[in-house]
Amino acid sequence: MKTILRVARLSKSFGGISALQDIDMEAREGQIVGIIGPNGAGKTTLFNCLSSLYHPSAGQIFFGDRPIAPEFSSKKKKLVAACALVFLFLSLLWTPIFWSLFVPGALFKVETVMLGLLLLGVRFFTFRGLRRFEIWAWGLIFLFLAADICLALFLGGRPLSQDRFLGTSLPLGWVGTPWALAALPFSLFFGLQLCTAPARRLFGFKIGPDAVTRLGMARTFQNIRLFFHLSVLDNVKIGAHCTMRSGIWRSLFRTRRQRAEEEGAEQEALNLLRFVGLEQRALVLADALAYGEQRRLEIARALASRPRLLLLDEPAAGMNPQESADLIRLIRRIREKGVTVLIIEHDMKVMMNLADIIYVLDYGRMIAQGTPEQIRTDPKVIEAYLGGGVHAPA
Amino acid sequence: MGPLHELLDQSSLFLQQLVNGITLGGVYALIAVGYTMVYGVIQLINFAHGEIYMLGAFLAYTMVTVLHLPFFVAFILTILLCSCFGILLDFIAYRPLRQAPRLAALITAIGMSIFLQNLALMIWGSQIKSFPRELLPAVFSRPALVLGEITVSWLQIFILTITVLFMAILHFIIHRTQVGTAMRAISHDKVTSALMGIGVNRVISFTFAVGSAMGGMAGILVGLYYNAIFPTMGYIAGIKAFAAAVLGGIGNVPGAMLGGGVLGIAEVLGAGYISSEYRDGISYAVMIAVILFKPSGLIGKPTGDKV
Amino acid sequence: MSRRTRPALPPGLIMPLIFLLALLLPWIPLGPSSNYVLRVLTTAVLYMILALGLNIVPGFTGLLDLGYVGFYGIGAYTSGLLAIHYDLSFWWILPLAALNGALWGILLGAPTLRLTGDYFAIVTFGFSELVVLVIRNELWLTRGPMGLPGISPPSLLGHTLTKDWEFFYLVLFLLAVVLFVVTRLEDSRLGRAWFAIRGDEIAAQCCGINLIRYKVTAFAISASIGAMGGAFYAKWFKFIHPDMFKFWESILILCLIVFGGMGSIRGTMLGALVLIPLTEILRAVLPQELFSARYLIYGLTLVLMMRWRPAGLIPFERAQEALARRAEARIRSRRGGEQGP
Amino acid sequence: MKKGYLGFFVSLFLLAGTAWGDAIKIPVASPFTGQLASFGEGVKNGALLKGSEINASGGIRGRKVKIVLEDELCDPKEAATVATKLANDPAVSIVVGHLCSSATLAALPIYRAAKLPAISPASTNVSIGKMSPFYFRNVYKDDFQGLFLAKYAHFVKGYKKVAIFYEVNDYSMGLMLAFMKEAKKLGIKILGTEAYTADTTDFKPQLTKFKMMKPDAIFIPGYAPQGTLIVSQAVSLGIRNAGFFGADGLDDDLMLKNPDAEGLFVTTPFLPDKAGPRAAGFIRAYRKAYGKDPNWFAANSYDAVGLAAAAITAVGQDRVKIRDYLASINTREKAYEGVAGKTYFDKNGDCLKDAFVKEIRGGKWVSAQKQLRQ
């Protein structure tokens, strides 16, 4: 069996409090892997790291052989910082050079503004961590824009002359402005490229949650996150988002391809709903579903993206024994479809029944791993759950 | 004129502009507090707050000119009336909408703002009013400090003192008293706070009362400082103040003060040194730049979405 | 899903029917005030277009956009300047204005759509104010507060439009185009992605939706519809002025969609049809002495409406139910096809 | 629901269109509510006064006159709607309005298309005149006023260095440009120009800059609400030995409430004590009706309604004939004698009129001792 998910020395801390510490785990294709642990053990944090909603503080995650969270050492961060600083300088230099080409003598007037912007940029730069790098880069672009507009205004001849008002004969100072405005989009584009592309290429950005889903990892949530105001069918179709291709134009003109795609998606969504037993409810709003149905809908939605790995975050929470028995059957059937399942669950009965291998988390650390039988008898697990000394959880 | 003279002129120009900017910032801060507190507690941009500020100015004006009350009595009465008005506003307009979508409350706020503005227009007319100087304490029209070309008036000092004083009091209320703790709890989680036995509606009313009192006070001070009271005065001041609140980190009282100060100074220096045509634009541009770089405002804390 | 609200007519027929009625409207003899009614209605339809455009951002995608009027202004000035300096035909100006709107939408949206909630709102607000400031102060380009008079009216096949009914038809045509665009997009992969973002950003991301990309798309489309509205406005009024694009307009359009029902296309249109003529109706109804109460009543209407129907005249859920019914019809017809001979 | 609503609203308009009886309608379109309502007030009072005077003296050709007030808030959009309403009302043969130039420019194409003549009592923008043959105004243009002010400042006051504090609007900028052009010719040094917007109340940053320039005078080509604030804020900043002057926008009683404005002078199209016996009656009637002195808005709108009535009396209610009649008033001899002087039009429908200067002395408007003869 091939390894589908590998987590190496993963850590995550929130402002000094570490939620996860040096987690190592892996899942093989076709397995059902369980993660258990008392409340606050960091299970959901782990899921959030896997689906890239959180960025780990350290460690790596591989999905197949694809790194989802590349490691950022402090050295690398410094390198990024240095590079970005260089780009900042370049980009700020670029504008006056550009301007001096079009308006002779502009350089001098502009210097004060540029200096101010530069200082501002450097100052903010020192504040920014890497996590916000992209926003930071965009902020820089905005500076570009602001600088260009300021320049356009500055050079636009401050005195208000008759010529300006009539717009017939433009004074020389004005020659620059239309050019500047025309150049704005280019300046923005190149600025963007300057700032983000090399950084992306050199250091690898974190992959967004949407990209993770496209790679084939889908998830459900502990506290149900459905699109409550949409119909059940649409919920599942949204899940199938990344299996579809049509964009604005195809949707506008309803091309044959788009129609075929929509039809296919609808059919598949109905099939999935039948699979989880919600076919009859396909056309009501998700709001109107019962709690257990909402859980199943969330699973259907996750399956719609045709995942290879499915993350289930406490799917049996709040269910009665009958419902959880159904759920166990459902998860088995999902596995039979060839989907690897990673599952967080409190309900030990469910877990022991389902999982091929179980990882136990406590206070952000992995304290045990093994088959259900091994876990059942592991003294560390018993201690974590019951404070030690008593019998194993049944 | 020697270069030294020139330098002196330039630096006194700068200092005078700084004084202007700080006063303007103080006014923005006073209005911004109302926005920031209400936003912090119920996440509502209370567009009608600018109108309370306008009402404050008009009420004080009416009391001084029609009822012939002494200025300081009118000042205190107006503040009290404004806070009552804030409570009333919340009670009538916003309380029924606590469970409604956020935008519904926003539109209500806009509707209230239009309504109040036109009401004031009908009552007081569209003419600009100003406090008659003879009915005010004489000290207000005297300069406190004349240093070469720099003039600082008592009124400016009064405004700044009041701003700082009330910010300190507010900070104390929010961080040291029970109702302040309740406010912070509600801003964090309304439902849980209610379960913990906090009278959510009472605390929200209190928030409105305090915010409106500050707004009304700002209205009087601005009416005095610029000598202009008119029905639409709340609109632009309100928007600027909201920008100041966002700039400082919305939901954060010292932030509102800092944001007001930064915005005021940026605006005045921008008008003085860059371009008076783009005066408002400069303050908006500063605001946008700050938000882009530091989305939570100057001293706000980033809020994550809980997954 | 309430069966009660289901119309007796097939749902696909209602819109064309209303359009047909609207087309007949100029020929209903209303006596001397017919052109006046037409002008008010043209304004209402123009605001329908604008509201449908704005609706894409707060209604479909769930982001509060306070800067819509910026794009409206950009469109109007693009149209006015192109008409005056290059004497382009309206049919060229329209797509160019839409493109320019989309361009600025992308430029503004790309950096700011990463921001959350109210911060985004306030940045868009700042943007629209900056647009107005630039229009007001850059005399060489826009003539600033002197306004741009003398914009030539649009023409069609060599015939220059001058009559009120001609403009009414033109704006109806534009409405039909915009309606086509938004209804098609609403019921597509794109629309579902937007609704997902409105519902829950995190869940949407975990469904494989790239937030920024779809938000920027929504913003750009919304901006280009706004710019189209502006282009028509300039050509219709033959005069534009920076005061026409004040922040208040953004708020007004936002009021229209919240009043009508955010995220619901029909609600949005209904909102515009009710609120825009309201001030004119009040003008006709109120005696001259009570004239200044016009906007007072307007404000009160907004407050009371939100008090009773915070979700608007036609709530979002109703629109989604309608979509579900459409899906039901589709599925049923497909099944019928399969079972057929 | 939609259809019912439509029907309701259509019938309302029908009602509005036909409800008036036999009287001759003279609509007056101006802002009567909103931010600029205070300007519209003078227009309203002047027009209503003239209307009732005409009716008291037997009406026009035996028919009563009805002054219909149309509020447009100075908003171009509303102005266009109002214009359409008026243009399509066959009972309307001439319009008095609008006040703001932006509203005028929006309404103009509509009047032109409907061949409906209109007289503006207050739009001074330069570009209006050439736009339509159906548009007249009995107020002078900005460029004339700016030129006049520059001459007055130079020849009468002897100012050498002037700073200009203008509002970003068409009126103010037109004045400023005309003033600057003439000032350059006369050798007045313009120290600097600063701008403000109508919705601001804080003028200190700009004034601080002026203070450092030490001008002889500050020219404020704006409106009174801001003008009075500018003057008092300038004084509180310590600008004491500079004079202030402005144009007819500052000609408002609001300025009188400001003790700092002592000595400020403005141009005005209407001077009560220079206007002759015809105006004396008007001023008396106005005082009696409204309890205050008329301003130039009132005088001009009084005259505009008078002109309209004169035109209808002369040629009846045909729109084109009225237009031709007005256009034929093109020399000083044929001029209409109003309370604000003689009104006659050039080929653009702009009027050629005298300007006067008045200043504040002892908290009152008085005519300046020295008037400049054109």
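Labels A, B, C and D are assigned to the chains in the order they are written; within every chain, residues are numbered from 1.
Here, a residue touches a chain if its C-beta (ideal position, glycine included) is under 8 Å from a C-beta of that chain, and two chains touch if they have at least 3 such contacts.
Everything quoted here is computed from the prediction, not taken from an experiment.
Novice: Chain pair with the most contact pairs?
Specialist: Ranked by C-beta contact count, first place goes to A-C.
Novice: Please indicate which chain is farthest from chain A, where distance is taken between mean Cα coordinates of the chains.
Specialist: D
Novice: How many Å are there between the centre of chain A and the centre of chain B, using C-alpha atoms for each centre?
Specialist: Chain centroid spacing, chain A to chain B, equals 39 Å.
Novice: What is the distance, in whole Å, between the centres of chain A and chain D, each centre taken as the mean of its C-alpha atoms?
Specialist: 61
Novice: Roughly how far is chain B from chain D, going centre to centre by Cα mean, in whole Å?
Specialist: 36
Novice: Report, in whole Å, the distance between the mean C-alpha point of chain B and the mean C-alpha point of chain C.
Specialist: That pair's centroid distance is 33 Å.
Novice: Tell me, which residues of chain C touch at least two other chains?
Specialist: 111, 114, 134, 136-137, 139, 146, 202, 292, 294-295 - these are the residues of chain C that touch more than one other chain.
Novice: Among the residues of chain B, which ones contact at least 2 other chains?
Specialist: Where chain B meets two or more other chains at a single residue, that happens at 118, 121, 275, 277-278, 280, 285, 288, 292, 295, 307.
Novice: What are the residues of chain A that contact at least two other chains?
Specialist: If we look for residues of chain A contacting two or more partner chains, we find 53, 135, 138-139, 142, 153, 160, 165, 221.
Novice: Given the complex with chain C, which residues does chain D contribute to the contact?
Specialist: Contact set of chain D toward chain C: 2-3, 5, 9-10, 12-18, 32-34, 37, 69, 71, 75-78, 80-81, 84-85, 87-91, 101-102, 105-106, 108-109, 113, 125, 127, 131, 168-170, 173-174, 195.
Novice: Where on chain B is chain C touching in the complex?
Specialist: 39, 43, 45, 93, 96-97, 100-101, 103-108, 110-119, 121-122, 239, 242-243, 246, 250, 275, 277-278, 280-281, 284-285, 287-288, 291-292, 295, 305, 307
Novice: With touch defined as at the start, can you tell me which chain B residues reach chain D in the complex?
Specialist: 9, 12-13, 16-17, 20-21, 24, 118, 121, 125-128, 130, 132-133, 141, 143, 146, 149, 151, 153, 222, 226-228, 230, 232-233, 235-236, 267-269, 271-272, 276-277, 279-280
Novice: So in the complex, the part of chain C that touches chain B is made up of which residues?
Specialist: Contacts found on chain C: 58, 64, 111-112, 114-116, 118-119, 121-123, 125-127, 129-130, 133-134, 136-137, 201-202, 247, 251, 254-255, 258-259, 262, 292-296, 298-303, 306-307, 310-311.
Novice: Write out the stretch or stretches of chain C touching chain D in their complex.
Specialist: It is residues 18, 21, 28, 30-37, 39-40, 43, 136-137, 139, 144-147, 149-150, 162, 164, 237-239, 241, 243-244, 270, 273-274, 277, 279-281, 283-285, 288, 291-292, 294-295 of chain C that touch chain D.
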